[in-house]
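Heads up, the next two complexes both have chain A, just with different partners, chain B and then chain C.
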Partner chain A sequence: MNNKVTDSLSSPIENILNKFKIFSENGFASEPNWLKTIRENSLKSFQKLGFPSQKNEEWRYTNINSITKLNFETSSNKEFLNYSKQSIYKYIISDSYYLVFVNGKYLQNLSNPPKEEGVIVNSIKDAIKLFPSEVENYFSKNIDLEANSFAALNTSLFDSGVFIKIKENVILSKPIELIYISQNQENIPQLISPRNIIVIKNNASLDFVEQFVTNNSNKNLTNIFTEIYLDENSICNYLKIQNEVDENYHIANISVSQKTSSKFFSFAFSAGSSISRNQMALKLFGENSDTNMNGLYISTAKQLIDNHTFIEHTQPNCTSREVFKGILYDNSHSVFNGKVYVHSAAQKTDSKQTNNNLLLSDNATIDTKPQLEIFADDVKCTHGGTVGGIDANALFYLKSRGISPKSAEALFALGFASAVTETIENLNLRRFVDNLVVSKLEKCHGNISLPIIAHYH
Partner chain B sequence: MQTIEQLVNKEYEYGFVTNIEEETIPRGLNEDIVKIISSKKNEPEWMLEWRLKAYRYWLTMEEPTWPNVKYQKIDYNNIFYYSAPKTKPNLEGLDQVDPELLKTYEKLGISLTEQKRLTGVAVDVIFDSVSVATTYKEKLNELGIIFCSFSEAVKDHPDLVKKYMGSVVPYTDNYFATLNSAVFSDGSFCYIPPGVKCPMELSTYFRINAAETGQFERTLIIADKGAKVSYLEGCTAPIRDTNQLHAAVVELIALEDGEVKYSTVQNWYAGDKDGKGGIYNFVTKRGNCAGKNSKISWTQVETGSAITWKYPSVILNGENSIGEFYSVAVVNNHQQADTGTKMIHIGKNTKSTIISKGISAGYGDNTYRGLVRIGKNASNSRNYTQCDSMLMGNKCSANTFPYIEVKNTTSNVEHEASTSKIGEDQIFYCKQRGLNTENAISMIVNGFAKEVFKNLPMEFAVEAQKLLGISLEGSVG
Partner chain C sequence: MLQINNLHASISGKKILNGITLNVNPGEVHAIMGPNGSGKSTLAQLLAGHPAYQILEGEIKYEGNDLSELEAEKRAQAGIFLAFQYPIEIPGVSNSYFLKTGLNEIRKSRGQEPLDAFEFLKLIREKMKLVEMDESFINRPVNQGYSGGEKKRNEILQMAVLEPKLAILDETDSGLDIDALKIVAGGVNKLRNSNRSIIVVTHYQRLLNYIVPDFVHVLMNGKIVKSGGKELALELEEFGYDKIKVEVENGVSV
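Take a look at the complex of A and B:
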């Protein structure tokens, strides 16, 4: 009877422990033992680590106090009936398969999952029931749950997400898009914990999109963990779009494992949430693999956007390329932290990392930390970082051609951004991101209209 | 590449011990020790107060663990905090210096004797905890330049010391700087009056001789309005099995139009091939460009020490002020270096340049760690950073950890880093032109570090190049 009172007095972490107790007595009870053990251990890790503070070097620039103060509810069994095809149309990338989730819950009637041969798409819960050993093989294989508190939190509580497997030699014809809609539930902040596992077998190929959006203002925290496993000679193009409204919170862990001769290309577009952070950890396990990790962040108002990337070369003859660009407005704060780690066995590593920032407000702050840790001698590794405003000469050039100062600035920003968005290979995906960029910039530069980017040949 | 390994496997040539009677105080650290050090130096009351404040603050601090270096915990109560040659008081000239000491510096190639006056460098010589000699004092005096040991400055120029000591590195700054503030033994003090350009290089030579002592010296250099000075620092220590702690503090202040150039060739004993012994070099160096158009420039060649951990920094307060950092850090065997700089841009139109070259060989760990911070009001500021690393062998590491924090739109920050090895094609190219392998490597390494060397004063540059060759001996194979 006193539940309500104790609830409001208990700390957010105790609140999470309570949630876990309830779950483990209900939903998790039927799960296989290995998973129960991992969940319990992860909870213990999370209890031990707590929410990271700025004393933690990895979180030095990222203050998440506002998250740690919230008493989250975890997604209930609520039905979401207020969605129509119409209302989600704008999120669908043309010519793609898509799965729609609201606060983590799968909306089957709005989704269009792939029905092609050689592709398995299941909810993670079904996958655990149907082929538990397969899930176990690909579960938390490339992450240290004892050191990563949000991944540990996700692992202990996840109750949604998908398991996708592309079988040997299958090349999927269309991208698979996961659309995550975050919705206000009676003004109670929700903790949404999806877990995705993507497996691409030998010689297979997949274009895969995760898009995060909101339909109304809320203070939800999306704490997602996506694991991607690339087998030999496989290819994965991964696009992440983070475009939630400004009030909510987004923390994502993305862990990628690459085997011999595999190719991974990722693009992370971040423009949403009051605090959003991507933690991408990629490990090159096989020789001759290739990685491209690119991204663009545009922060406005009081947003904090943080991209943490970690590329680990463990084998010889691998290549990694990384380009992250950022545009900062208003009182926003962006953080980039990229680390490339080359093990002593990873000879002939070729690695390049770049982070460029365009600072467009004196109240905005950029903290960038490109890092190299190298233990092999026969390597070519470079990184570079720049921060600057708009070049006065470039601005003058545009103005002298009759373009208003506002538009000139916007054009400059657009040129800056499209130099990295054009690395997205799939034209439909690129066009989708470009449109988001254009409308964001139009808003940021005082509702001007920008020309449509014309680099589709 | 066999030949390189055989290449003059020269030992650390400064590793000898001078047999001289030394006066030490008991081991350990407590308020009494601080008081003894202060009384040994006949310090005024205010100096002791300052030391005690620092000591009490130090007790509340914890040893930092964030650097990328590994070492056994230091037992701060097992160190001698003061050790000095038993000399006659009040040295008048060099003829009164213990001949044993003169011989030591003769051996180290430092010109103490008057006949070597022609080298044109004024030297303040620190032997363990005290300054034993300062040359060219009178000549500098004529220009109004004060160049003396820190202890003398405390006695003779208390106003200047009071005004500037701790103004750049406060006694609360960090664990090792605070420890230094409590127990610092001696060091150099230098004041260049307004408008004076110091006609010769000023120099401090630090020598650790006694065993199990820590060396804690403090250097304070002030360039008043329009003054200019170039300052050199050199260091050596005997070969010993145990690690010795060196925790120094250097403060530079440049007022309006003032300019300080500080060059270091650090060659403390680095430990043997297996990483036994060597100096822990935990140093706080910081400069304050306090006035308009002032300039502070750090150049360092770090070849010695078992562990080097320092970040010579510049706080760019004055408008149009300039900060520079040029560094070559070499690690071989089991040496570890975590070094770099901080450029804090506060004033408008401030500029900073960072050039860092790291060379790793053997089992060495080399880390560049640097911070560039552009404050909100530092309009039109500019930073350029370049850190290059070279690896020899795959047991060593090269790490780059730059931190860039910008809050101003009209500023420009650029950071570039690269890691590479000496290419077989490069060596082939040199050999084709008649160079043998060792000369080819020495040439390539020197070319790699040239940008930094060219910022060193002449004599130092030559020595630094030689040093580089020696440090890397036997590392390419």
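Take a look at the complex of A and C:
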């Protein structure tokens, strides 16, 4: 790594403090006081916590040393002119609204934001200017910034992202897709800190997608923090696609708050980045709420893919379901840590968690850790997991129909994956993910060609 | 078509087959009957190329060539088909997807053009009629959530699509209701021709009323102890295996 990064004499953390200083004298100066205070406190938290080390139980399996050594530049005012409709076409999910960002910067001319009645979409900075108290109501309400250094870092430095609000009783007709393109800027690693706030009011419904991609090789770190608030009786389907190139870094915090009788479904597809961490914390604040947190990770080469989920039941009669599947190749390392916490008041909690891993290399490592902490007595909570290779009988069955071992393995892996992608209800979203899975597996299994997954009933 | 000579085989160090000799000519239907655990499925799986079985002695020749070194997929490509006693579930892989991949790899090995999605769909629909299977099974994952009978029908569907030269049906009748048995047997009979050989493993004479065999063999302790025509099945139905056991013990020639 002989780029400008290593020329800098200051340490990465000092570098971040300097950035903050510059920002607070410029861009942040006009922000409301409550936000300035949160930013300052967050910076202090980050300073105190530093980057998490493996001594921290929550980061035990996840070595991020290569991230902490980089002196990041924070998003400049560079204009990104090299993008055409053509160049982003492949990221657009059919029949969806989409907003395109490059290194956090919004590309208005390439975006197609919703113009429906009852939907508010603003950049987070505009939202802070236009309706500061509304943003304040939904800002960092369900996260402990003193304990989460990446969320604190995001909060202190964020200068991009969106505020979306779906008003009462509004059912949005199409998904809203946020396309985050990470781009190489003169070989200087960029720290990209988008902050999204998604609010879904009573009886409203939203399909929401975050897609992270790269158009060229870079060592950028995307450190995103997304907050989702579901009001009573609302529905949110959230799809996250993490498909950045293998050199860069991706850390995501997603915090979800659910009120009474709300329904949340999420699907996290992780296949990109050299190190990625998807950290989802969901809190069920109201009775009769329903949560589904699913995902698929495919790690190859020397990738590290970490999914950390935390579901907190605070009220009675809620259901949570979680299915994460992983396929591991080469020397890759994946981590799944799923914690379910049931408060004493949360009687009749019904919770089930599953993590299945398909290990397709002797050199790949999986660390899977389910955690159940239950303080109520009348609950139904289970978890289960598997780690294994391709089932020998299944392989024989496939081969006995004339299928070569290479195709048989690929087919088995595809079946393994599609048994979880089929939980994505919206067919356009499911197809989009399935296509990504197919092309990824085709590469992993030696450029064989796999048909597109067939079952769309 | 198939010649098995003095075949001895084991699994996990346990010897199961103790000298099987069997000759199957093109167009013939052979029934193999025998008590539980006698080695019928072992023979069937071994013929299909299951890697867990070890040949200790003897040989298997298919169309004049030694089979023992051939991988399962190569055997299928050469025209061998096994309808499994316990069909395997493949979660997430649709039936059509699975069969199309198999058929096209078999076609490729024979220098034939692959079928495209449209041609394949036409073919599978036609074959589904043969075993009266509902079209919804086209897109359902392979064997997952199927009833016992549906799994067996699905095996015969696969046979119909892949059009093997040698088909081994391992207890395809068990788990089928009376109507389904007739349908499946009818399907098999339609696939019967002068070039195709079929080995039917069964416990029940009933199936053989529909798929009438040319020969019936009794397998006991990994060895064929008696062979005969279709009337042997009737005899077994009436007297069970005890009579044969006695005959064998007394050294009555088969």
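Keep this in mind: the second predicted complex is superposed on the first by the 450 of 457 C-alpha atoms of A that agree within 3 Å, B and C clash if a C-alpha of one lies under 4 Å from a C-alpha of the other, contacts with A are read in each partner's own complex, and residues count from 1 in each chain.
Assume contacts are C-beta pairs under 8 Å (C-beta built on N, C-alpha and C of every residue); 3 or more make two chains touch, one makes a residue touch a chain.
Everything quoted here is computed from the prediction, not taken from an experiment.
Legend: residue contacts after superposition of the two complexes on their common chain; A:396 is shown touching chain C, with no touch to chain B.
Contacts of A:50 after superposition: neither chain B nor chain C is touched.
In the superposition on chain A, A:360 contacts chain B only, with no contact to chain C.
Judged by the touch definition given at the top, the superposed model places A:384 against chain B, while chain C stays out of reach.
Judged by the touch definition given at the top, the superposed model places A:407 against chain C, while chain B stays out of reach.
Of the two partner chains placed by the overlay, only chain C lies in contact with A:415; chain B stays clear of it. Contacts of A:347 after superposition: chain B is touched, whereas chain C is not reached.
Looking at the shared chain after the overlay, A:374 reaches chain B, while chain C stays out of its contact range. Across the complex, chain A meets chain C through its residues 391-394, 396-405, 407-408, 411-412, 414-419, 422, 451, 453-457. Listing the residues of chain C that touch chain A in their complex gives 48-52, 71-73, 75-77, 81-82, 84, 87-94, 96-103, 105-106, 109, 117, 136, 139-142, 158, 162. Interface residues of chain A facing chain B in the complex, by the touch rule stated above, are 57, 61, 344-345, 347, 357, 359-389.
By the touch criterion given at the top, residues 66, 374, 376, 389, 391-421 of chain B touch chain A in their complex.
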